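One structure is given below, represented as structure tokens, and several questions about it will come after.
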Amino acid sequence: MSRLLRRQGWVAGLFALLVILFIITKLIQPGYGSGDFGSLARAVLPYAFAVAAQTVVVIAGGIDLSVAAMMALTSVTAASMMNGASEEYALFVVPFVLAMGFVLGAVNGILIIVTRVPDIVVTLAMLFVLQGAALLVLDAPGGAVAEWLKGLISGTVPIPGLPDAIDAWLPKALLVLIICLCIIWIPLRRSKLGLSIYAIGSSELAAFRSGVPVARTRIIAYALSGLFAAFGGLALTMSTGIGAPIPGPYLLASVAAVVLGGVALGGGKGGLLGPIVAVFVLRLVRTDLTLLAIDPNVTAIIEGAIMVAVVMFGAFITMRGRQ
Amino acid sequence: MTANPLLDATGVAKNYGAVAALRNASLSVLPGEVHALMGANGAGKSTLVKILTGAIRADAGRILIRGEARDVRSPAAARRAGLLPVYQEPSLIPDLDVLSNLRLTGTPVEPFRAWVRELGIPDLDIRDTARDIPLAVLRVLDLARALAVEPDVLLLDEMTAALPANLAEKVLEVVRRQGDSGRAVIFISHRFVEISALCDRATVLRDGETVGVVDIVPGVEEKIVELMLGARIVKTHVAARGASRNAATGRPRLGVRNLRVGTKLNDVSFDLADGEVAGVVALEGQGQDELFSALAGSIRPSGGTIEVDGQPVKFSHPIDAIRAGLAYVPGDRAEALAMQRSVRENIALPFSAALRNWGPINMRQERARVVSAIERLQIDTRAQGEVQRLSGGNQQKVTIARWIAADARTILCFDPTRGIDVGTKQEIYKLLRELAGHGKSVLFYTSELEEVQRVCDRVIVIFGGRVVDIFPVEETDEPALMRAAYGLPRGAKADVGILADPTANISDSTTPVAAP
Amino acid sequence: MADRPLIPLIILLVILVVILQVLRPGIVNERWIANTIKFAIPLAILAGCQTMTMLTGGIDLSVGTVATMSAFIMATQVVNQDPAVAFLLAMMPAVLIGLVNGIGVGVFRVHPLIMTLGTSLIGTGCLQVYQRTVIASGAKIPDFLAWLGTGVTYGFPNALLLFVPLAALIVFTLSRTGFGRLLYAVGDSERATRLSGVQYWQVITALYVISSVLAGVTGLLYIGLIKAPSLSLAEPLVLPSVAAAVIGGTSIFGGRGGYTGTIIGALILTVLTTLLTILQMPEGARRILFGLIVLFVTAAYLRIVEER
Amino acid sequence: EGKYTIGISNTVQGNGWREEMVCAMKAQALASGEVTKLNIAHRNTDAAGQLEDIRNLISAKVNAIVVNPADPAGIKAGLEEATKAGIVVVAVDQAVTEPSAYIISNNQEQYAYLGAKWLFQQMGGKGEVFYMRGAAGASADSDRDKGFKKALAEFPDVKVAQEVFTGWQQDQAKQQMLSFLATGTPINGIWTSGIDNVIVDALVESQAPLVPIVGADNAGFVGQLSSVKDLVGAAVTNPGSIGGAGVTLALQILDGKKPAQQTVLVEPQLWENATEEGKAKLKAAADPSLSPEWPVSISIPDWTTYTKEQIVACKGPGE
């Protein structure tokens, strides 16, 4: 128990912070209800996938600067493929776009291995390439999305046996998020591959000596990052109904949430839960500031300051750890 | 033991750039045998283990496993071939718990647990994260993990070095039984007690080459020492010390009192006088790295004091040490040099360090100082545009020239002749003596014992993080230094029996030795 | 040594100009040259920031925000303030952001890329909030800045009056001052400099402040050129500034490079942009090309360094 | 003694037109006396960001939301949720596709058609035009594109030399103009989506030939049309004060006075400097006291009630 607390202490603290924020929200806006929580869940969705994408590579000891660009590219690809197409066609588009994210992510990893250029430079270069590709797919926001996909993240699902009062607090967007992340993350976490990802992030040398295929594992970590980013791109298209070629603020947000979520930028440590809770925290801060009618640019300052402070704090901790 | 060898390696070579870690190593291990692999620090033992277990690739050589040529390309392949190593450094993934580490390597959990108990750790929680486990226990876990898969050949690289006596004993027991059950163990250790208690035969490496295979019989230790040291054993003093020996007069230039650094350095005290070269003698990892780093201001001591000219000083950055006149020349030249910069910039680097010197450089003055240092050390400047194009020896000279140019009063030289040719070595010896002649003081660690006699006035022997002896250089010869370095009392001359004496402080349980 | 790639770079520049002249005969005239130089100058100064930070193995992505802030603050403050006061106010955020960057990178050891992205996020937020407060007072471009930014005298852009001394100063700093030496040495091997007594945080903090101040000056020059204060004025110059430094032969890993190459790099990019516009290359393709160039050049330099 | 809270969402910041729009909203809210508080989400963002802003405004339980949409399709779901939550939704300046929302805007298709047609006539019905659009994805931009294309179809000999999105940002537009000039491509006219005075500056500063140019009724451009030598051009009206009208419309609906149609269009006018009559109009409209990026039409008859001082002061209720 004590070990669980020690290990999950950071996440527990974040949860507590989230609860406090919810209480504050309720105080500012006594009418804050299940519908508003649904809005929060939908706002969280693309950020959560972005941060999942970042988390995998950071755990593997890397960083991915192309997350937001990957989301933009997958988003415009999905939106332009579905434009004017039938509802059923989307059944093909979704796996196609996910596979595309996976493959392009793997390209990131392969380039890092083959060129031996540091990950930060490779993914920066890929940021431009993916952005450019997104602009070639759609030079302006547009496209369309199948209705059933939109429906997938709006409203709630009636869960038999659950009273409506509880059910109302389970927005579909949240369920989609949980299902998509769990389907990939839980088996991964339990598999040898998952262990290998932690292992190369923790100590590449020890991992190699333990028989971990380091290069292959690194490529797969980037591929998974691409896959999560593709989920994020799809989530964007599902919530807006269009694809936008200019990347949103997801790169910085993902780094901020990763660090805030207790994943060390050095690799090997942390999980997915912390960063996801961190995303909820950051989004709820924005909601609260809007409820208080504070200039949204102040929110940008606060988000930036949280990020810089947390990254500095994280760097400070790593520095102390190294000494 | 006429069986075919389980493992047979011949002609193994490995180069790291200019450094030849292995030149021509061979090793043949029979079933049921515990085979010692011996050699001085840097002889290539670990490198050979890494090659045999696929952790690095050899440049040349042939490896037969059960008589078949095998190309072991990765640790996983070695494992499949039945070769399991316990490397000199712990190999568990620091951020994973023990159980996950087992899963990662496909190690069966129950046998592992059994071995851990057997090895004297009854209460291991396999949910503990490796990072939180003490080093000694980690070493045991590494071993248990290897044993759990019942390897044909177990390779143990300084397995017992970090263990307290009780755990070491268990390990020796277990290893012995491995041999008895028909498997083979390759056992690396600097402790002769362990070798004679445990091993059947020993292969001795010197400078990357196999120089002998001996059966372990009483009295063989002297022979092994001989093999390990080679021709050097008979060297006598050559040092031409003309300088004044005023170590006893006046305040010492540098005083070290009860210095402690973490667990690596315990209670070290000594003095260094102006005009003196003091040699530090120690096996690898006895705390000398920490001592030099602390004196250089690179790490902060956890206790004790450092005095310069009688004044206590506290260093929080190398600049503090430099201001106090202590200049550090690290053993690894890559650590000291900006490889892509010119010889001149590297030598002049300390000039610009202080804020007030950030402005325009007086090029003429700088040039004069740099040129004079270059001439003094006779640095070959044909490729001076980038230090990385210099030969190793010349690079080493640049690291020293910097402090000659800066006119440092005390130079802390850590193994400055590593990988350097004989001629250059002579120049460096001469230079150090000259410095002493000009009243400078030098603290000099070398991994080549012979140099101590050539250069030093006094010898400071460190073992297990403590100063075990200090004596004038005249009172010693190389075998005596060797013994001293191994923590054996002086005076116990060539009495081989003592090498096997289990009561000697070699296995003192408080001694954390030979960490990587 | 830093200028080794200079000759091939100049050749590349000349080739690009020749292609341009072939595609659009007569385009290369005195006016075109003056305009091209005028545009290359702000880019070249920002690329100077990247050159210096990259020499230490860093990067400064906040230069765009800093330049924009100083430009915007200048244009809005000069309406009610003495130009000298407005100038000081305009340079304040530059110093501040540089200081925060320097401390984050030098003391806390945050990766420069993340650090400078973070501060630029905060800076942009602050600027937007500030913009809200000065909406009523309007903006004005001081005549002097307009003269400097857009003016041409005897065929030479007036901006050269600022740029030539500035560039000379940067080149001199890099090659003939203790600080310049330290930038190279720190980027080459931080450990080595530490052992020589260099305090990393001092060098890095000074560096990022200098970089930020240069960015602030660029902002003032650029507002004189564009004459339209906006919230994202210099943002489009940031990534090209990195590219200009990389193309000019400065290694993103530190320790290698120089400013003269960067200047040619900036000219090359300016001419290349013109060329791509003439070729009607779509924006998307341009970005792809840009990314590939950065990756290719970095990988190539890595090979060259390894070969030694 | 107001009774309503109104939420505002806008996604282009730092553009003079949009700033005037927000000031008009504030001034009108104040002048109406019916508004206790404005909750203004005014920042640079995209459809996804605007969606988040709108949903947060819904959570803030505002009575009405006045929105200048980043992308009609992109925020449809949010507007629908607002209506479902009983919030009055008014889109200003640009159309939205959500049927429950009310729209009050300039007739954007007509705006572009008027200007483009005049421009092509000035060009003598032939030649190359530099087409400087607004923000990609915005409906005002796509509506204007329709109007532009309609005019283009009437002049088969007019060709588009190059098409760029300015994002409705002054500095971007100027940079695009300058880099286009650097290519030496000959052009005969320039159509801008309301980012105009900086384009004239760019031509003058680069000593490039002044070709006919169409912009909006922004104070700076209107002034240039009367003062810059040899400049031929036209300003098409596009009042930023439409924001104030949007607030008025929202208040009317809240007070139970729904308009007959969902969409209210303001018809644009064209003021050119090629004829004496046009010059007189320009002179009458000019207002050098305004910021050059602010449209001179700072009020809309029947829709706004604030004074010039009020809109220039840019203060809303409670400020």
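To keep things simple, chains are lettered A, B, C and D as they appear, and every chain counts its residues starting from 1.
Heads up, the rule we're going with is that contacts are C-beta pairs under 8 Å (C-beta built on N, C-alpha and C of every residue); 3 or more make two chains touch, one makes a residue touch a chain.
As the structure is a computational prediction, the values presented were derived from the model and not from experiment.
Of the two chain pairs examined here, A-B and A-D, the one linked by more C-beta pairs in contact is A-D. Centre-to-centre separation between subunit B and subunit C, using Cα means, comes to 48 Å. Note on chain placement: the centre of subunit A and the centre of subunit D lie 36 Å apart, centres being C-alpha means.
Centre-to-centre separation between subunit A and subunit C, using Cα means, comes to 32 Å. In subunit C, the positions touching at least two other chains are 128, 132.
Looking at subunit D, residues 13, 42-43 sit in touch with two or more other chains. Here the chains touching each other pair up as A-B, A-C, A-D, B-C, C-D. Against subunit C, in their complex, subunit B makes its touches with residues 296, 298, 317-319, 322-323, 328, 330, 334-342, 345-346, 348-355, 357-361, 363, 385-386, 388-389, 402.
Within the complex formed with subunit D, the residues of subunit A that make contact are 29, 31-32, 35-36, 39, 42-43, 46, 139-142, 144, 150, 154, 236, 239-242, 244-246, 248-249, 283, 286-287, 290-291, 293, 295-297, 300. For subunit D in complex with subunit A, the touching residues are 13, 37-43, 46-49, 51-53, 55-61, 71, 73-77, 81, 85, 136-137, 165.
Every residue of subunit A that touches subunit B in the complex is listed here, in rising order: 3, 7, 192, 195-196, 198-199, 201-203, 206-213, 268-269. Interface of subunit C with subunit D (complex): residues 24, 26-27, 31-32, 35-36, 39, 128, 131-132, 135-136, 138-139, 150, 226-233, 236, 273-274, 277-278, 280.
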